[in-house]
């Protein structure tokens, strides 16, 4: 299946939809199609039902977190540099807001073709992290969208039963985000890693000291960052 | 009573809701329950013994495998994939290796492909045998079929041990091939196991297939329509039992599966009986593949010589690789940003997605059927919760 | 008035009294069962094996279970610690006393108490069977028919409900 | 000599009774009769648990227990020690009194049935006029104990288990009694001793067991099915269905109380098996006339062990039925067959002996049995399916 | 006929019952402490450190390069490099691990440390009798407990160890040849430094 023909077919079928081809430089050659949230359901229904397409199996749904980028900013700045001014770099640190992306891998059982990769992005990673749910189109997205809601924090509008899937209901953060910092107050099994245990206890007492503060997990971000690297072998 | 759950309509609760809410009994099946196949929980609302509502609760075994993998090297995630579906670690390895190979464009030598097929199909044999055993165990046959299955699985695990060094956590595949070649005499041993296996299947068939109690317990129970099966993304034996002709070995022709003559059995009813019979028949087909593969396996290298074990950095890009694991479509979705570890690593767990329809299958059935239905879905919690 | 009889009588009376007085419905049924069993034991003590065993089978095995089933089916949520005795215990006692008085009066005024009992006949199961099949065959058949009709009726009612639910 | 061996227990008892004064003889006699039963059958229970684990193990290609003592023979003792030393946990919300009484009542009620079982020639505790009736009457007390256990635990699972158990026991009590009626009809007595005596004769070398008649074999089969259900054995072990409702009514019991439930269940199984032997398998009588020199109690226990082995075998093979299937089996198959069997036994009684009687009586039970089975099968619409392969 | 399937099943279990007394292949259970399965060469349990020669501390092949520490997926290895150097198996002066700990309560036996080790210093053990009553101390293996001799390695993984030994012999021969060439070259100039250089390479002969 050629993605270009699919794109034109979809554009003809769903007037007003904005589709964008996203090239994949990898040898896998699985290029993807970015669709806009407003027409997502219509596009999905067309993909599922159009006789030439019949993508009836939505195999894989997953989220990707793209936090605001700073490193790429610097690259852009270097391109801008035409003189020898060094101060400009520091001034031009406008970070892009970042987004959460949801990827759908579609296959066709009837026509045995695929995959076609659909992508949708949220406007930002906080308040506007809303996307339309494709569960009404493909039931297989039900649990996977719940998982994305749980682990990434994308709110799927129109999902029949949007609850946390893997984390418990009282959990506040979204663990799969790149900037997620694990809280230090899990009940660790006492192992030889007593350093971790010591920090956990210390953290507990600190948390008890300033009970009303809500962002307990985030305070220790500095010490947490290197937990994985120094946790072992002690 | 089977509710005809079409994808659009929610399962109909009307007939049973004549009893008032107060008379309903809500029980938590799990997380400590002998037949939830691990720490899985179903909040079941019962009217007498009939299921009115069923809400699965996941996450008791959640360890955020994906997050861990994103901070590991590509190879470092390989042993972790063993622990996803711990009944069939080798196919997990395979799916992951396949995804990475797609991502980096690695070729796999001929011999390695044959080795992969052999161990993959052996995995399928032992998984299906055990699953049927577990299903019977759930239906109360005091473990006899399960023990027979374990007896055979033992032989296959012995093969795995002498090949890969571990019985279950094999960590066998490498990007571009396999880790070790088979030791001397392994092939004969494996051929012997494969030759003996039909005897066990006959035994199983005598014990189970025409058993009236079993037929009564399983036929017409937990019926999954073809439409719902497709729409809800069912895969593997679960989908094929509902008559969906979709076997990734045939569709994707990954590895060297197109070289083997094997057939894909399809069910007509989509009930529990079909689901376990499909697995029966698949075992016979797997034996055919194994026989052919063991006959034809060529000599040669087992791993792409260009692959380095350390410092593996695929070029930026993404890939979705999937295989037909014994449980269904096991996919890995990887995004590389050119660094040592994947930017995004996603497992498409067949067990979890096959559970999407659990409530639809169970509504209106008995408590005893819930157990059988759950058993026929074939889940491993290591994969469901990841 | 042997010792055995006294013990059995005390058990029976205590069981039935508890059945009236206790608060928890299930406890009441269980206490009542003790009463039934006591009565059955008294029958057995009088060598009326058939009646005694039937008493156990029907009352302990069936009636008590039926009552218990009814309680379980209705599934009323009970308070965690209900008071042990029913608040109607006084009323219950009065009613029981009244019934007892009536019965006692009836027994005392009957001819048997004044003239003494006739010699006890030895009744075996065989004799009961003979009596049922010869002398009382018509009543037995009528009762059988009646019960069959009731059984069929119950089945029909149950089936109707199942049809509805389908 | 063989006579003495056969009567050794009876003679021993009389010899012992000779030492006590006449006034104390009735009570001493009772004690001397009851105590061996109270010891012997729990001992049999211990042996059976070992046998069952060994047998199931072999059925499943395992060794079974083999670590405690020779061939794992001391396993029951180890189990007993374990269950005795385990903490007795009672749920906080449980009804403590009833929770405590339930296993006691169950174990006690299970023992009562043995009073009328003739375990050998002249070896019956009470030769009661209405022995069979007594047996079923005390059997029905078990239901109450089960209910008490299930209800008092205040657990939803145990309540479900108790409901299942009671529904099942009530349903199967009817066919159980109806199936046994044929033997009573033939013997013309409710006394177990009389029933066994009726079967004690031989034609040539063949015994007059009721099981060797058309109605007898059907009655025996129905009785055994109903007995399996009555004693909650697989494939009718729904009340405890460990894979569905975990352990049913005794889920909240631990330690010794749990062991009592176990004991009660096995004693129930022995008692119903013993009743089946009494009713259909000739009680303590030898299977061939030339084998009568073997003591009668040996035959009884040999038959009992054979039936237990059958129970174990079935348990190792069959999956469990579902509640509604269990009920439909009771009401749609076993009950009509039992009623028909009664008719058959009546006809047998009144027809003159000969080949014709055999043919007629066999036809009366065999044809409906097949038809009913076929009807049920068609009604249920289950079949071995054939499968297609994708192209 | 109803019951046919049930009877078939009963026959099957009966066959297995008797078969388990006759055929040994039906009983796959191994009576563990008395019986043991034959040792499988490829088997692996937890890593150990190989040393050459009689002294584990001196002959340890590990050069504390810390590659395994980095590559270990669950990060169960802790290595602290020594300050000084000592000669390795081939004879080059190398660092050695001052601390080498493996927390086998964390280790998942994946063998990646073995695969990445360029010095053939860490290998997989096959011992599985590892139960202990101390969950902290006994599961944290230090250098001393990890060290196993090359002979042990040869005993458990003969094929693999033979290849490793051959490789080492080759390396050593090369080094020796080099050293000899050097000594000869030096001997031509000055015949004093040679003995020390010759003694070092062969692991089995050091002190």
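Should a chain be cited, it is by its letter among A, B, C, D and E, assigned in written order, with residues numbered from 1 in that chain.
One rule holds in what follows: a contact is a pair of C-beta atoms (placed from the backbone, for glycine too) under 8 Å apart; a residue touches a chain by one contact, two chains touch by 3 or more.
These numbers come from a predicted model, not from an experiment.
*Asks:* Give me the set of chains touching chain D intersected with the set touching chain E.
*Replies:* Both-contact set = B.
*Asks:* Suppose every chain is reduced to the average of its Cα atoms; which one is closest to the average of all protein Cα atoms?
*Replies:* Answer by centroid distance: B.
*Asks:* Does B-D or C-D have more contacting C-beta pairs?
*Replies:* Answer to which pair has more contacts is B-D.
*Asks:* Suppose chain centres are the mean of their C-alpha atoms. Which chain sits farthest from chain D?
*Replies:* Taking each chain's C-alpha mean as its centre, the farthest from chain D is A.
*Asks:* If you take the mean of the Cα atoms for each chain, which one ends up farthest from chain E?
*Replies:* When every chain centre is compared against chain E, the largest gap points to C.
*Asks:* Return the distance between the CA-based centres of chain C and chain E, expressed in whole Å.
*Replies:* 80
*Asks:* Take the average of all CA coordinates in chain A, do the same for chain D, and state the distance between these two points in whole angstrom.
*Replies:* 63
*Asks:* Nearest whole angstrom, what separates the Cα centre of chain C from the Cα centre of chain D?
*Replies:* Whole-Å distance between the two chain centres: 28.
*Asks:* Please compute the C-alpha centroid of chain B, do the same for chain C, then give the distance between them in whole Å.
*Replies:* Each chain's C-alpha centroid was found; their separation is 59 Å.
*Asks:* Can you list every residue of chain A that touches 2 or more other chains, as numbers and ranges?
*Replies:* Within chain A, the residues that touch at least two other chains are 228.
*Asks:* Would you pick out the residues of chain E that each touch at least 2 other chains?
*Replies:* 2-3, 5-6, 9, 12-13, 16, 26, 28, 72
*Asks:* Where in chain D do residues touch two or more of the other chains?
*Replies:* In chain D, 59-62, 159, 316-318, 377, 384 touch at least two other chains.
*Asks:* Can you list the residues on chain B that touch chain D in the complex?
*Replies:* Checking each residue of chain B against chain D gives 25-27, 33-35, 46, 49, 136-144, 147-148, 151, 207, 209-217, 219-220, 245, 247, 250, 263-269, 273-274, 277-278, 281, 366-371.
*Asks:* Contact residues on chain D for chain B in the complex?
*Replies:* Residues of chain D touching chain B: 56, 59-62, 156-157, 159-160, 164, 234-235, 237-238, 241-246, 315-325, 377, 380-385, 387-390.
*Asks:* In their complex, what parts of chain E are in touch with chain B?
*Replies:* 2-6, 8-9, 11-13, 16, 26, 28, 40-44, 67, 71-73, 108-112, 115-116, 124, 159
*Asks:* Which stretch or stretches of chain A touch chain B in the complex?
*Replies:* 24-28, 30, 32, 56-60, 62, 64, 103, 105, 109, 112, 115, 117, 138-144, 147, 151, 164-168, 175-176, 180, 228
*Asks:* In the complex of these two chains, what residues of chain B are touching chain A?
*Replies:* Chain B reaches chain A through residues 7, 58-59, 62, 64, 66-67, 71, 102-105, 228, 230-235, 244-246, 251, 314-322, 329, 331, 333, 335-336, 343-344, 346, 348, 352-353, 355-357, 385-386.
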